[in-house]
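One chain, subunit A, links the two complexes that follow: it is found with subunit B in the first and with subunit C in the second.
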Partner chain A sequence: MDLEVQHLGDGIDRVKLAGRLDTAGVEAVGARLSALTTTQAARILIDLSQVTFLASIGIRSLLTGARTLKQRGGRMAILSPQSVVAEVLELTGIATLIPVFHDLEAASAALKAPPPGA
Partner chain B sequence: MDIPPGDRRTPHPAIELGLASVYERCRPDSGGDVATYIPELATVDPDQFGIALATIDGRLWTRGDAEAEFTVQSISKAFSLCLALELLGRDELYKHVGVEPSGDAFNAIVFDPRTQRPYNPMVNAGAITVCALICRAMRGEALEFVLDRLAKAAGRTLRVSDAVYRSEAETGHRNRAIGHLLLNVGAAQQPIEPTLDLYFRLCSVLATASDVARMGATLANIGENPFTGESVFDVVAVRDTLSVMFTCGMYDYSGSWALDVGIPAKSGVGGGVLGVVNRQLGIGTFSPRLDAKGNSVRGVKVFRSLADEFGLHAFECTNYGSELVRTLV
Partner chain C sequence: MSAWVDAWARHQGLPATLIHHLDLCATELVTNVVSHAFEGAAAHRISLSLGMDHDRVMLEVEDDGKPFDPRAIAPQPPRIDLDDGPPGGWGLAIVRYFADELRYLRTAGRNRLTVVLRVG
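This part shows the complex of A and B:
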């Protein structure tokens, strides 16, 4: 599992994951992912376009990150999951907790918008 | 009885890859020791390791020594309970055995001090009581009755290992002592010998990880074998059985199991573990080396990994509770 961070401007970081986000995948990138979500009130776009499988432990890791970010005034969104991963996010109800987008522009706009109730 | 036609490996990359990764992750662990208190169990090859996963649409995936036979030992307790519930009904059954986790070892000679009943049907004392009740209901046909249902759940005839049975019967002094104490508190009735014989024989039933997975899938499928379509267990009895497996199935590791894995399961000192994901999966693992609590070391590790991989835990963030409520709110 690979993790690459790209600064998009406007305080948004695109975190591009590649491979299987399973037990081994979380072992490989979990600490870096956690550091990205706990050290700053960041706006993080998790790019799942190169993720071929999302295991339960991977979902837990993303959800934990999203919650931590929210508590620190940041936000997380998911970008371009492959159809099998998108289906998992939908059926498990995670898509209602972390918004999922299929194009970069819409995702960036959503992350830039003030949080609901702000 | 032949392996049913539905019982075949169907390619599914996500499950294949997940299973392969869990198998490779757990295989190097050679911790623990094989059970020796039943002398015949000490003769098994300790390195054997198999995983099988059966779905309720009748598909089976395996890895490693999934077709190696081992004695089911305490895994039989789950099925005995299910059948006793069907024969006697819950009210009568629970007069004789409780459903509370004991926190004691599997072979403890301890009864609930308030009720004088064994704590639950998953420890030896409770399972011997269940056998006494099956014997009372079925008389001389008890063994045939249970073996027939086990075969229907597995989808093939299962035989009793004579060598292990003899070894259990000759050295099972502690279980005999439990039997006599059950007579003393009125939880079992004379003659106790057929009850103990049924108990020893059911512990000595030979099955493979694939069999155990199919038997688990039968429980997961509300009592109907998804490979044969045959109705095997009573619907209400299955619900109770899974509940007791969830709270008491892993001996005095049951609480930690609920935290770490979060599905109904039953282990046996033969190295097998049965797991059930309600309405979805039956899981069977086999690896003979046991931890101090009598559970297969690799088996526990496999289940923890499968839970992480496939989101099996009842309270995993990916799981909904009642699907019925989901339609309402």
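This part shows the complex of A and C:
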């Protein structure tokens, strides 16, 4: 599992993951992902376009990150999951908790917008 | 383990989507056993077997951990807010979603869980 961070401007970081987000995958990138989400008010776009497998441990890692970000005034969104990964995000209901986008512009716009209720 | 599941399933000529679902079920069940079934540092054994029965794939996971019937675990209520509930616990939801049938047997001090996935 690989992790690459790209600064998109406007305080948004695109975190591109590649490989299988299973136990070994979370062991490989979990600490870096956790460090990124504990940054004050970060806006993180998790790019799943190169992720071929999402297991429950990966979901837990994403959800924990999204919660930490929210507590610090930041936000998380997911970009371009492959169909098999999107299916898991849908069936677990994660797609309703962390917004999923298939378009970079739309995802960036959503992350830039003020949080609901702000 | 995933490589073994993949190789077997490809040899059977199963469709890619079903292979993915099978891999997910195997991954989640083994993770579940490792996380919950064993206490202490003693060595344990988990056995997996795969088989075809007409149009059905049978994945059997057997372990010598404490008795655990996943069918008895109530499904998690849907989450409405990001802060609802614990961050984990999705493994059984994934297995339940993809399995057409779940069978459980406690026999000779072992848990035997069989997941049935229908082809097509």
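Basically, the second predicted complex is superposed on the first by the 118 of 118 C-alpha atoms of A that agree within 3 Å, B and C clash if a C-alpha of one lies under 4 Å from a C-alpha of the other, contacts with A are read in each partner's own complex, and residues count from 1 in each chain.
Here is the rule we use: a residue touches a chain if its C-beta (ideal position, glycine included) is under 8 Å from a C-beta of that chain, and two chains touch if they have at least 3 such contacts.
For clarity, every value in this text was computed on a predicted model and none was experimentally measured.
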Subunit B versus subunit C, judged by how many residues of subunit A each one touches: C
Which of subunit B and subunit C A:35 touches, first, second, both or neither: neither
Touched partner set for A:5, first subunit B, second subunit C, both or neither: neither
Touched partner set for A:84, first subunit B, second subunit C, both or neither: both
First (subunit B), second (subunit C), both or neither touched by A:109: neither
Contact residues common to both interfaces of subunit A (with subunit B and with subunit C): 20, 22-23, 53, 55-57, 59-60, 63, 84, 88, 92-93
Sites on subunit B touched by subunit A in the complex: 14, 17-18, 21-22, 25, 305, 307-313, 316-320
Subunit C partner contacts - residues on subunit A that touch it in the complex: 20, 22-23, 53, 55-57, 59-60, 63-64, 66-67, 70, 84, 88, 91-93, 96-98
Contacting residues of subunit A [partner subunit B, same complex]: 20, 22-24, 53, 55-57, 59-60, 63, 84, 88, 92-94
Residue numbers on subunit C that touch subunit A, as the complex places them: 2, 17, 20, 23-24, 27-28, 31, 78-83, 87-91, 93-94, 97
